[in-house]
Each structure stands twice: as C-alpha cells, then as structure tokens.
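Common to both upcoming complexes is subunit A, partnered first by subunit B, then by subunit C.
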Partner chain A sequence: MSRDLDIKVHHLTRVEGHGNIVVNMKDGVLEKAHLSIVEPPRFFEAMMKGRSFHEAAIITSRICGICSLGHQLTSLVATEDALGLEISEQTVLLRKLLVHGATLQSNILHAYFLAAPDFLNVGSVFPLIATHKDVVLRALRMKRLANDIADIVSGRAVHPITPVPGGFSRIPEKAELLEIKRRLLEEALPDGLETIETMKSLAGAIPQFERETEYISLKHPDEYALYEGDIFSSDSGATSVHNYLDVTNEFIVNHSTSKHAKYNRDSYFVGALARWNNNHAQLGEEALAAAEAMGLKPNCYNPYMNTIAQVVEAVHCILDSVRIIDRLMEIGLKNEKPNQNPTRYGRGIGSNEVPRGILFHDYTYDNKGNIIKANCIIPTGQNLANIDADMMKLVPEIINKTKEEITLNLEMLVRAYDPCISCSVHMLEVDFIE
Partner chain B sequence: MAALTVIGVGSRLRGDDAIGPLLIDALSGLSHSQLELVDAGSDALGILEYFHGREHVIVVDACHMGHPAGYIVEFDPSQIDLVLKDDPISLHGLGLAESIQMAQSLHMLPTDLKIIGIEPESIQFSGSLSVPVQKALKKAIEIVEDKLNRVSQLAEA
Partner chain C sequence: MKPQVAFFDFTSCEGCQLNKLNFENDLLDILKHVDIVEFREAMDDKADHYDIAFIEGSITSPSCVERIHDIRRRSDILVALGSCAVNGGVNAMKNLHPIDEVRETVYGDDKYLFATLPAMAVSSVVKVDYEVRGCPMTQQDFLKLLLALVMGKQPPKYGSPVCVECKLKENECLYNRGMVCLGPITRGGCDAVCPSFGQFCTGCRGILDNPNIDGMLEVMTSHGISLDEAKKRMQLYNSNEVQL
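Right, the complex of A and B next:
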C-alpha cells in the first residue's frame, strides 16, 4: 500500500526536543522512525571531577530519583575496583538485597502503572483506580515493602546513605531483616502470584511483534546476574566488564541529543528481556513457572514482552531476597566497619544490572583519592538504537492500521523499554482554577 | 508521630529544582520534635508513603505557574487543576501531579495537605539556586515555621 504517514508525538513538550517519537513515510516508503530522548549524565564527567572517593556515590545517586540505588551501587563498585578495596560477603549480600528491592519496586510499578493501562486500553493508570482499585493497592503494597527494604538496609528509601565505599556505615538489625523476610513470604509472595494472574489475563493484549536482535546483560556462573558478573552477548558470549567500551561503542546520530550504542550488530537490547534470554536457566522453579504461565519462553524476540520478563524477575527478587536473609542469618550479622583503606589508585569499572538494563560507571582516581576522569553509560542510551530498529520493522508491518493505532503501538513499544528520562519530568505544572 | 510532615521534592543537581531538598536541609537545623522532614528526591511517587497516617503535610516543589522566578504560592490540591501526563513513556513521567491525583482517588490524602510551589528560573543541571529562588527559600522557611507553630500548638492543646 502506498501511503503517507507523519507521526510526531511530543511527550515532554516542557523539555524541548526530548522524548519524541517521529515517524515519516512517503509514498509507502518509510523514511524515518525513531525516538529521540535526552541522555541524562552528559555533564557527568564535569560533575565528578575533583570529587573524593567518599563523595562519588552520593553525587551519582542523585542523578535520578528512580534509579538512585542503581547509580549508587555501580558507583561504589567502580570506586572499590579503582582503589583495590575488598568487601565482605555480608556487604555483598546486603547489596544484593538492595538490588532485589529496587528491581522489585521498579518492575512492579512499570508493569502495573505503565503497561497494564496499555493492555486494558484505558490510556493511563487513573481509570484503573476506579475499576481495579485492589490491583492498584496491590502495586502500592509491593512498592511499600520494596521501600522498607531500602529503608532498613540503606538507611533511606530515596538516595540511600549507609552504603559507602568498602561496605556499610550501619548494619541493619537482625529483627528488622527477619520482619522483612516475614513480609516477603506473607505479603509480597501472594501479591506476586496475584500479579502473575493479572498479567496472564492481559497477555492477549500484548502486541505480536518479533525482531531478533543482540541481547546484552551481565552473566554470573552461579546465579541470575543482577549485582555482578561478566558482560554477556547473545551473539559473542562473555567478556570482562573492563572491556565495556568495546561493547558499548557509543556513536552520535543526528536525530538525538543522546549517543547510541552498538556491538556485534547495528543495535542491541538491554533490560529484563535480555537478562531473561541470557540467564533464564538460572531462575528458580517459581519464577520459571511464572514465565510459563504468562507465555514467556526462552529466547523471546518480542520487545513488548519485556514487561512480562520484569514480572518474572519480581517473583525471583521476592524469593531470592528470602534466601539472602537466610544466608545472612546463617553467617551471623557482624557489626563490621567499611574497608576504606585504598591499596592502589587508578582506574576502576563498575557494572550492575539495574531495572532498565546494564549500567556502567568508570572512574580514574589520582593518588589522593580524587576523581580525574569519569564516564557513565546508562541502559536507556544503549537501547535507543534498538528502539529505532524495532520501529523501522514495526511500522511497515502495521501500516494498514489507523494513524492513532500505529501511534499507540509505537508508544507502547517505547514504554515497554521504560526509558529513563532523567527525572526531568517530575516538576508540577499548575493551572489555577479561576 | 510528629504533628507536621514536610516533604521536599526535586533533584539537587538540577538548579532551582533543588529547592525542595534544600528547604529540608535548612529545616533540619530546627530539630523540632513535632517536625518530620522528608527529602523525597525526584521520586515523586515515593511521597505517597508519607501521606499514610499523617494529618498535616506540606509538599515543597518547584512549580511552573507562569509567575516570575522566585514567586511562592501556597495552595491545596482542590485549588488547582492538576496537569496530568496521560501518556507517560516512562515511570519518570509519574510526577507530583500524578501522585497527588492517585492519593486523591484512593482516599489517601492527608486531611490538611498544602503545596508550597516556587517558580524556578532554571532547572538545567547546575549545582546552585538562582538568586530569586535563594530569596524564596528564606520565605518558604518562614511559611513552614509559622505552620509548625500553629500545628504544634494544636497538638499540645
């Protein structure tokens, strides 16, 4: 069909030029289909220069209110790598518990507040409050537990304070952790199982679209990698996080203020679906059963299924958090002090899986422990080329739909990736009633 | 529980958007037993946690109201039409307006919720407040202190 199509969706008109979907088709030939979005830490290097190793994680945690814990932990790992700071098993376990809390919170909110309204075709979460109040309350209940995990382990739900280079400045009480375990089993697990039922009932509304691409995530020999591991590509296998620049290969495109990334192909996918495709065999039987119930199969090439992979991970995070607390009880909580005695000064790389995908921080320290060079590559930047490539394949496949339907399909695609737009949008716009 | 909860919303790294967290810093010097202070950062949805079980709550945030920079308005949610983003592309699109709307629909709003809105000059990445908003910070502290006095007298009565 020969057709002209011109779609411009300005999601964030207040932040000029950011977060726009642009599609342009002339005489049936697709000329453009892309997303332009701001990449947050463009000022990252300038902001970090001259800062001491005590400050780095505090500053980076404030890049983004929603991704604060991810930036903080990745920053700590990079600093510890640069300064040769060894950390204890207890520190690793407490950090993994924090990662699970943050992943649970982000994945659940994304599934309920962004994806579910699309699947129900109601536009936003607000109509759901009237029609599915119990579901909205369930989402908020799970968010509260995730918040409380962060509060207890890191001292504060937003912009955590106790995780420091070399360990924790304060260790949670045994009773606090046991109470979290009780709530994980008695509240979060039933809520998680209900979530699977809810998503199962919505699965029919997930668009059927496939584009096989390269999937990149961390990979660990012994566990479903979130906190640590090597970089793993579905195309070329594993490489050390120290080689991350060979993987990300950032490049500039005309249509976006943010850099794109590519490795073995023209684009790659990071996030829950990439983790699922690369590491599903390391999930427990409950998470695998959840995936099966919701129709998520190994090697899934439908980007819209990223949301379902997030729900599978939520189940994993709930149960693995219980396992972590059990292990902490087994080794006995020690009131240990953080190890802050550098054994070297130089360059260090940190990498974690944050909810939206693999995150890299890269610092070089001088011999006084101050940063002389810093780099940060966020998941959304890495996904941008892949989103554009999805759009280029998707638009011709759905070209017989109405312009409104095509626009909705494209918005849903972007939402499936849950891009980070750098917290720039929280600000209240006010119209007073005259 | 403290008689008054003050929640600062905003990013410390984004110029005048830091007004919420910086007000919390300034108030922490008061160490008043009836005052609960929350730096919510830019996770606006997180403020719902602090509506629960509270009666008097003030939220401080940079607001686009069409006034000159530094202009302060104190209002409650019923006085405004919340400008909701119906099609957020990300969780980052769920801001203060969406959080208040959600609390309203779920009957979770505190009985006395006030918003102190401060018109920003710039919310570009930068480490400092603009001069007009620095002046507004002092005025906002006075508004909170005044409210704190009234609310703690009520609590003691």
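Right, the complex of A and C next:
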C-alpha cells in the first residue's frame, strides 16, 4: 500500500540516556527507520590516558550508573590480565555474587518499571502504585534485596567501592551473607515465582514479531556464563575474548553518536535473549520452568521477549546466589588482602556479561602501571545496528496500524533491548543528519 | 498543593538518578509529599513549570547550555545533584588536556566536526540554589535536602573533612595501611563511606574551602607516590577546582 509516514520520538523516555526514534516512509517506500543516538560524548578514552591502575575501575564505572558494577568488574579483569594479577577463588565467588545481584536488580528494574507500563497502557510505574500496589511493592522488595547484596559485598550499588584490582578492599561478614541467603530463599524466591505469574498475565500484550539474527554472548563449559567464558556466536561458534575486535568490528553511522557493530552478518543481538538462545541448557530446572510458563522457547527470535528472558535470568540469579553463598561458607571466608603486585605490564582484555549483554574493556599499561591506551565496547552500541534492522522489518509489517500504534510498537521495541545510551556514547560523537 | 518536582540529566552516568529509583523503602512516602512532573528515565510526562528542578550532569556542549538556561527560566529552585553537576566531576579530567588533543584521541581526522566545550559545573552557566555533592550523591543526603526544601528550611551544609567522619567511625587510617587517601582535604558528609570499606577517598565531594594543598601533596608524596601522581589523584574529581 502507498502511505506517507513521519515519526519522530524526541528523547525516548524510560530508557537510560538520550535517543530519538526516526521513521520516514514516502509513497509506501520505507526510507528510514532507526534509533538516533544524541547523547553528548564524554571522552573517557582521553580521560583514561596516564591514569594509574588503581584508578582505572573507579573512572570507568562512571561511564554509567546503571551498569557501574559491570564496568567496574570488566575493568578489573582487563587490568588483572594486563598486569598478571592472580585472584583467589573467594574473589571470583564474591564477584559472581555481585554479578547476580546487579543482574537481578537491573532485570527487575527494567521488567517492572521501564517495560511493564507499556503492557498496562500507562506512561510510567507511578500510576501503578494506585492500581497494582502489591505488584509495585514486590518489585521494590526484589530490587531492595538485589541492592542489599551490592551494599554488603561491594559497599554500595551505584559505583561500588570494595572491588579493587586483585581482590576486595573489604570482605563481607559471614553473618551478613547468611542473612542474604535467608532473604533470597524466604523473600526473593516467592517474589520471583509471583513475578512469573504477573508476566504471564501481561504476555498477551507482547507484540508478535520475529527476525532471526546472530546472537552473541559469553559461553562457559560449566555454567550459564555471566562472569567468564569465551565469546560465542550462534553463527560461527566460540572464540577467545582476546579476539574481541574480530567480533565487534565497530563502524560509524551518521545518525548515532555511538558506534555500531557487526560480525558475521550486518548486525547481531546481545543481552538476555542472546544468552538464553546460546546458553539456556545450562539453566537450572526452576529457571527453565519459568521460561516455559512465560512462553519463552529456545530459540526465540522475537526481540520483545528479551524482557521475558530477563525475568528467567532473575530466577536463575536468585538460586545461583544461594549456591555461591553455600560454596563461600564451605571454603570459609578469609580476610585476604587484594593482590596488587604486578608481574608484567602490557595489554589486557576483560569481558563480562552485564545485564544488557557482552561488555569488553581493553587497556594497555606502561611499566609504571599507568594507562597508555583504553577501549571499551558496550552492549548497547553492539545492539544498535540490530535495533535498526528490526525497525526496518517491523514497520512494513504493522503499516496498517495507526501512527500512534506504530510509534508505541517502536518505542516498546527499543525499550525491550533495555538500551543504555550513556554507556554506548562514552567516547564518540558523529554528526547527526535528519 | 504539593511541590512540582522535576529531574533532568546532562552529561553524566545517570547514577544519581538511579539512586532515586533505588529508594525502595521510601519511594511511596516521598510521593506523598511531592509531585514528580518530569523524570525522563522513569516516566513519559512533561511539564512547563517546576517548583524544584534537580539537575544531574555537567554542561559540555552548546546544546547543554541552551537547555539549562531554558530549565532555569522555568524553575523556582534549581539544585545541582552529584559531582558532575556540582563541579564537573570526572568529566572535567578532559579539561586537563589540550582540547585539540582530546578531540583527536576520540575523533581522529574528524576532530573539528563537533561542537564541544570544556566540562563545566552547572553553576558556571546558571544560578544554582543548592547542591548535593558526591559521586554518586547519597540517598540520605538527597532526602535531607528534599525534606528541608519541602518544609521551607535551610538544608545542611558540610564544612569539615572526610577525615573527621572517618575518625568518628574509629577506622584505622588508610595511610597506616600503605594507601594514599584524600580524606584530609575532601568535604565530608559521606560518613567516610569509602575508607570505611577499605578504599581510599577519591575526593568526590569536592575540596574544602580552605585546603592546605601543599601540605596534602607533601603527605601524599611522603607515602610513596610521585608528585605527578599525587596531583593526578587530587584532580580525579576536582580538575576544575584544583589548579596545579
């Protein structure tokens, strides 16, 4: 059909950072459908030059408040790789517990506060306080526990304090961890199961749309990979994180202050849905049951289902946190000092799965332990080309809807990716051409 | 009528905003006393006038300058939230390098294409009535200020260094543990949270009004770091305040 359509959503709400949706159709021909990124650049790459390895993670965690723990841990892994700093099993376990806390908090925040208002046809979570108070209180309770994990293990949830190169500057008390375990089992687990019921009831509002693409995440032989592993592509299999530049292939587009990325195809997907598609077999039976209840199947090609995959991961994080605390008790908490004596100086790569997908930090140090060169590649930046490709397929499929409905569908699509725009525009700006 | 409150983000990590979404225990109580009329990170609505506008982030581009003027004109009270807004924060580290070099590091050959300013505090551009310091600002600090404003009172001010709060908590001095800490010259009010968790103070709440910079540098260099490193450490959050 021939139709003119002109959609501009300026500063999309309920996402982290500043982005605009732009769609142009003339005489039924779709000329443009993309997410413009208009966040001002911050020049982290320039700021990092000459900074000590003690400061690197402090600075890079300030790329993003929402993802501060992810940046901090990935930064530490990169620094430890570059300086040859060995870390203990206790450090790895405490970091994995932090990753679970951060993933739980971020996924719950997104599902309840940022995505769910669309399913219930309201503009924010605030009206839901009157209409769905128990649901809002449940979301707040789960977020509180997730943030308490961060507070106890890392000092605070936004810009953590204790994770430092080589370990932790303070080890939590045994009693604090046992109290977290009790609350995970007695509060978070029942709340997580209720969340599945809530999401089931909203599942009818999730748009039916599919576009098969390349899915990229970490993969680990022994666990559902979040803290460590190899890079895994659904198209071409595994490769070491040291080869990340071969995977990300960043390129510049003129509608985004953040670079785009592509690997085997023109775009790829990172985040909860990519992790689910690549690693679902490594989830426990409770998480798999949650996925089945909410209609999430392997492999899923509907990007709107990313939110559902996040809820499945929330269940996994709750239960795996209990397992980690049990293991910490088994090996006995030690008041160990961080290992900050470099055995070499050079280049190091860190990669973790953060809530929004796979993250890379790459630092090169001089022989005094100061940074010569830094590079950070962010999940949202990696997803941008894929979001644009989804829009180009989606708009013609829903072209018979009203402009308002099309706009809402596009906004929901972008929100489903849970984009973090501050992160993605940490260093680069290009011209924005309408 | 409840005060109409709005939140705006400029160049920052949005962590201070997130800290407000993290008010899990108090959020519903806060909403009994204020109407949030604009908060892009959490809601769709927009408004024309604000009783209190909270500003997060630094001013780093001509479009930021225009936008902050517009918000100021429509606000009765304007509050800077967090170190990026209060003094430029980590963003201001780029001001230490020649702007040409900064642009070239990031843009390469395209370095002249983009309008970029040095990272500035909000108060460098418009009048700021109150500030909440820290990176990130703490929830307690924010609540104290909000409560004072809602009740028409003066918010608390902090004049003593982090060291005082650290001593009151009976922490072992980090200098005794071989670390280099900015507690002696950094504005307090954080309850010495970093030293209490075994990490050095980074100076995120800003330098005191009458700091002994030379004395601080002497202490730092006598604990094993070079003068150059000591200065860099001091400028981590205070590049706009500490000229060395």
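As a convention for this text, the second predicted complex is superposed on the first by the 410 of 434 C-alpha atoms of A that agree within 3 Å, B and C clash if a C-alpha of one lies under 4 Å from a C-alpha of the other, contacts with A are read in each partner's own complex, and residues count from 1 in each chain.
The rule we apply is simple: a contact is a pair of C-beta atoms (placed from the backbone, for glycine too) under 8 Å apart; a residue touches a chain by one contact, two chains touch by 3 or more.
Keep in mind it's a predicted model, so treat the numbers as computed, not measured.
Contacts of A:109 after superposition on the shared chain: both subunit B and subunit C are touched. Applying the stated contact rule after C-alpha superposition, one finds that A:155 touches subunit C and leaves subunit B untouched. When the shared chain is aligned, subunit C comes close enough to touch A:50, but subunit B does not. In the superposition on chain A, contact is made by A:130 with subunit B only, not with subunit C. Of the two partner chains, neither subunit B nor subunit C is touched by A:5.
Look at A:62: by the touch rule set out above, it reaches both subunit B and subunit C. Residue contacts after overlaying the shared chain place A:372 against neither subunit B nor subunit C.
When the two structures are aligned on the shared chain, A:147 is found in touch with subunit B and with subunit C.
Of the two partner chains placed around the shared chain by superposition, neither subunit B nor subunit C is touched by A:120. Shared interface residues of subunit A, touching subunit B in one complex and subunit C in the other, are 11, 14, 43, 47, 59, 62-66, 68, 109, 113-114, 123-126, 129, 140, 143-144, 147, 157-159, 422, 427-431.
Within the complex formed with subunit B, the residues of subunit A that make contact are 9, 11-12, 14, 19, 43, 47, 59, 62-66, 68, 106, 109-110, 113-114, 123-126, 129-130, 133, 136-137, 140, 143-144, 147, 157-159, 411, 414-415, 418-433. Residues of subunit A touching subunit C in their complex: 11, 13-17, 40-43, 45-47, 49-52, 55, 58-59, 62-66, 68, 109, 113-114, 123-126, 129, 140-141, 143-144, 147, 155-159, 161-162, 164, 168-170, 422, 427-431. By the touch rule above, subunit B contacts subunit A in their complex via residues 9-14, 17, 39-46, 48-49, 61-65, 73, 75, 79-81, 83-98, 101-102, 105-106, 115, 117, 120, 123, 125, 127.
Residue ranges on subunit C touching subunit A, taken from their complex, read 10-19, 21-22, 24-25, 27-28, 31, 36, 39-45, 60-61, 63-64, 89-91, 93-94, 97, 101-102, 105-107, 110, 113-114, 116, 135-136, 193-194, 197-199, 202, 229, 232-233, 236.
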